Amino acid sequence: MSTIKLQNLTKRFGDLVAVNNVDLNIDAGEVLCLLGPSGCGKTTTLRMVAGLEMATEGDVFLADKRVNDLTPSQRNVAMAFQFYALYPSLNVAENLAYPLHADRLSQADIDGKVREVARVLDLTDVLNRLPGRLAEGEKQRVSVGRAIIRDPNCFLFDEPLSRLDVQLREQMRGQIKEVLSGLNKATVIVTHDQLEALTMADRIAVMRDGYIEQVGTPHEVFATPSNLFVAGFIGTPQMNLMAGTFAGQRSGSLRLKTGEQEIAIPSSVPHAGLTEGGRVTIGIRPRSTELASEAGDDTLTATVDLIEPMGAETLLHLSDGDRDLRVVVDQDVMVRVGEQLHVRPRASQTHLFDQNDARIA
Amino acid sequence: MAWQSKQREIGTAGWGWAIFAGIIAFIYFFPVLWIILTAFKTNADILAVPPKFFFTPTLENFVSVFSRSYIKGQAAVDTGFDRFFFNSIFIAGTSVLLALVIGTLAAYGFSRYPLPGNDTYLFIILTTRMLPPIIVIIPIFIMFRIAGLSGTYPGIILLYTAFNLPFTIWMMKSFFDELSPDVEDAARLDGSSEKRLFFKVCFPQIIAGLAATAVFGLILTWNEFIFALLLTGVETRTVPVAMAQTIGGDIGVRWGLLAAIETLFLIPVIIVVFVLQKHLLRGVTFGTIKR
Amino acid sequence: MTAVTSDATGTPRWLTPSPRNWRLALLIAVVAIPGSIWLAPGNVAFWISFVAVSAVTLAVTINAWGRYPGPLLVAPAIALLFVMNIFPLMWSFGLSFFRFRVNRQAPPRFAGLDNYEKILTDPTVWDRLQTTALVVVFTVAIQMIVGFLLALLFEKEFPGRRVLLMLVLTPMMLSFVAVGAFFRFYYEPTFGLLSQAVRLFTGEPFILLKTPAGALAGIVFADAWMWSPFVMLLVLAGLVSVPKYLYEAAEIDRASWWRKFRTITFPYIRSLLLLALLFRTIEAFKLFDIVFLITDGGPGSSTETIAVYVFRVSFQFFRTSQSSALAYFILFIVIVLTNLYLYFARQRSQEA
C-alpha cells in the first residue's frame, strides 16, 4: 500500500524550529495539501519525506516502512520541483525517461512509457525539444510527467503551479487532479495558494510556524476553521474578525458586544466556557452576509468607505468608527460612499473564537 | 542520533572529506612550505643530507635580504636586495596606478560608449597581452636604446603600464558590464551629467573591482621577468631579475636568501588569495571569464 | 564636421586658428616634424616634434570633449598600447624583411622573404617547435587532469574548505622565477629533495636534469604544479554553477553517480574545460621563464622551447631580423588560439 505516515516529525536549523512535532497520515490514493504562508515549514516537511532533508526528530514511514535511514533514491518517491529541475542538456523525452533508468527496463519499455506519459500530458509534439526552448506550462508538465512515469511509493509536489500564470494554473489544477485520481498513491502537494489547495486536495493540512494548525477536508477547514489563524488564512476576501465581548444568552441566541454595537446570533449550542463579559472574536465571512433594509437585533450598522467592483460581485469596505467590515454583495446592489448600511450575518455561518483564539462555535 | 551520520545533505561533506582534502592540499602546498622552512634555516641546515624538518629557526636570511653586504671569507659580498625591493615596489606600484587610471577610463568607454568595431579593439588589446613577451621585446629593445630609455625608471614604468593595460581594461570592463543599467538610467532621468554618472554612480560600485584589479596587476607586474631582464639596468633591477642572477652567481647559490625573499612575497600573496577568492577566477583569466 | 567653408570672411574653416581646430594643428605638425628632423639638430628636433604632437593631441581632445566621450575615453589606452605594443610589432614586421643585426652598425639591407624562408626551412626551428609541442601536450594534459581532480575535491562544502583552497591556489600566484629557482633547488643532485627521496630507495643520488627526458619531466612537473590550480578554479566555477535542485531531482530519480555526472555536471563544465585547455595551451606555448631557470634549455638543447630559442637568436646570436620573422610566425599561432579562446568565452557568457 502506498501510504505516508509522519510521527513527531521535527526539524531544527540551529535555534530555529522549522517543523514542530508534525503527525500526519496520508492514505493510498489520497491527496493532501500542505498549505501555509511562506516560511511555515511546509516545504521542509515535504523534503523530509523525500529524504532531501534529515529529520532532527521523529519518523517518516512510507508504505508502512520506516525510511529515516534511507537516501532519497532508496525511498522510491517521485517528486515535482518548484523550479521544475529539468535536466537542461536532455530533451523532453530523455527527461521523462530519466527516472526509469534505475529500473533497468528495456529500451522498448522505456519508449512506450514515455510515449504514454507524453500523450496523457499533451507533450507528444515537444518530445525532441530541450527544456530551454519550452514554454513555462510545458516545462511544468514535463516535471509532472517525470514524476508520474514511474511507480513510486508516493508523489510529492513542491509548489507545482507557482510559476504559471493564472489561466494556465487553472487549467493545470484540473489536469493534475485528473492524472492523480487514476493512480492509487499517497500524494503530498505543497502550496501557499489556498485556491490550489481547496480545489486539488482531499484533505488540507494548514501549517503555521512549523505547527499543523488544522487537518481536514477542504470543506471542513473552510466551514469550521479550528482557530483564528485558519479562519483568517482560508477564504478570500479574508474573514472579518472583530474583537468583542460576550453579553449573555437570551432566547436561543447569543448576545455579543463589539464596539458600541450589540448583535444577537442565533445559536442552539450551549456555551459553558463563556462567562458574561468574556472576550471573544467574532468571525464573519464577507460572503456570509446580507443587507437588511433596517437595523435590527441581528444586524450591524456601518458606513460605506470604499467600493471595489469585482465583476459578478462587489466588495464593500464598511466602517463603524474604529472597526472595519468587508462585505460582498451582488453586482446589482447600488450603494454610494458614505451611505449607512445594515449588515445581517447569516446565522449558521458566523464563527466565534475564545480568547485563546480557539474555535467555540 | 546515529543514523544522521549515514547521510548528509547534497553538496556538503563532513570531517572525513575535510581531512582527506587537507592531506592533498598539504602535499600540494609542500613545495611552498619548504620554501618557507628554508627561509628560516641556516646555510648548513639547508644543505643538510638528509633534509631537516626540525631545526632551530634563524632570521639571518631575512636580515641579509636588507643588509647591504655580508662577509664571506675575506671578501664583502653585496647582497643589497633592499634596492631591488624598492625598485620592484616603485615600478610595479607606479605602473599599476597609471594603468588603472588609463585602463578604467578606457574600460568605461568600451563598456558604455561602444565604438564601431568595439570587439575588434578589445580583441587586439587582449592579443597584445597573450603574446609571448619575447616577440615584442626585440623592437622595444631597439626603440628603448635609441630613445635612451633602457635601464631607466620611466622606460620600464611605461612598458609595464602598457603591459598592465590589457589586463586592466578587460577586468574593469567586466566589472562595468555587470552593473545594473537601471541605476544609471534612473540617474540620467534625474538629470545627472555623464561625468557625474561616472564618478557618483558607477565609480562607487566598482571600487571593490578596482581594488581586485590593482592587486592582481601588482602581483603580475611583480612577478614579471623577461621584460625586466632585458630592459632594466643595474640601478633599476627588479627582484625576479636579481633572484635569477643570484642563481647564476659564482659564489654558490644562497638558497636561504632566495627563500627569505620569496617568503616575504608570499605573505601578501596568501592574504590576497584568501581575501580575493571571489575575484580570483576573473583575475587569472584577465577578466574574460567572470564566473 | 563636413562643412569646410562657412565663415562670413570666406576663410576656409580649417584655416581658422582656434584651439579646437585639429585639422590646422595636424597640418602644422606634418610640416614641422619632418622639417625639424631635417633641419635642426637631434635634440631640438625632438622637442619640436614633442610640442607639435602635444598640440595635435590637445586640439583633438578639445574638439572631442563632450561630443565623442567614447573615443576620448579609450584614446589614451589605445595610444599607449600603440606606442608600446602595436608599433614595435609593426617595426619588427618590417625588420623581418631586412637583414639587420642590432649589435652591428651596418644599416639594414632589404632581404625580401629570405628570413621567412630561412626559418621555415631551418630544422632547428622545427626541432624547437617539436620540443615546445611536447612540453605543451604534457603540461596541459597533466594540468587538466590534476586540476579536474582538485576541483572534484573542493566541489563540496566542508569545514576548512576556504583555507585549504587558499593553500592549493598559492602556487599560481608565485613568480615563474621563484618556481623555477626552487624546483631547480629540489632537483639538485646532492641536497635536493627529489634526489634524496630517490636515494632512500636506490642508494644512488639522482640527477633528474642529466637526461633529456628527465629535464623535460622536471620542467613539465614544475609548470603543471604551478598551473593546475588554474584549471581547478575554472572547473570549480562550472561545478558550483550547477543548480542544487538538479542534483536533488536526480537523487529522487535514483540516478547513478556516473549518470549524474554525464547528464548534469558535465554539460555545465564542458565549456569551461575547453576554455581552460585553450588558455593553458596559449600560456604553455610561451613557456620561457621556468625553462630558462631550471634547465636553460639543456642538456644540450633538448629542452629548448621556441620562446627560449627566440630569446637566444635575438639576444645571444643577435640575428635580429631572423628572430623578427620567427616572432611573426609565433604571433600567428597565438592570434589563432586567442581568437578561438575568445570565441568560446563569448559563447559561454551568452549561454549563461
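To keep things simple, chains are lettered A, B and C as they appear, and every chain counts its residues starting from 1.
What we mean here is this: contacts are C-beta pairs under 8 Å (C-beta built on N, C-alpha and C of every residue); 3 or more make two chains touch, one makes a residue touch a chain.
Model, not experiment: these values are computed from the prediction.
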Centroid-based (C-alpha) most distant chain relative to chain C: A
Most extensive contact between chains (C-beta pair count): B-C
Inter-chain centre distance, chain A versus chain C - centres from mean C-alpha coordinates, in Å: 61
Mean-CA-position distance for chain C and chain B (Å): 15
Chain A, residues touching no fewer than two other chains: 51-52, 71
Multi-chain contact residues (two or more partners), chain C: 248, 251
Contacts with two or more other chains, residues of chain B listed in rising order: 10
Chain B to chain C touching residues, read off their complex: 10-15, 17-18, 20-22, 24-26, 28-29, 31-32, 34-35, 38, 46-51, 102-103, 105-106, 108-110, 112-115, 121, 123-128, 130-143, 145, 158-159, 161-163, 165-166, 169, 194, 219, 222-226, 230, 240-241, 243-244, 247, 253, 255, 258-259, 262, 265-266, 269-270, 272-274, 277, 280-281, 284-285, 288-291
Chain B partner contacts - residues on chain C that touch it in the complex: 69-74, 76-78, 80-81, 83-89, 91-92, 95, 102, 150, 153-154, 156-178, 180-186, 190-191, 193, 196, 225, 230, 233-234, 237, 241, 244, 247-248, 251, 272, 275, 279, 282, 285-286, 288-289, 292-293, 307, 310-311, 314-315, 320, 323-324, 327-328, 330-331, 334-335, 337-339, 341-342, 345, 348-349, 352
Chain A partner contacts - residues on chain C that touch it in the complex: 243, 245-246, 248-256, 259, 263-264, 267
Residues of chain A that touch chain C when the two form their complex: 50-52, 71-73, 76-79, 81, 83, 85, 87-90, 98-99, 101-102, 146
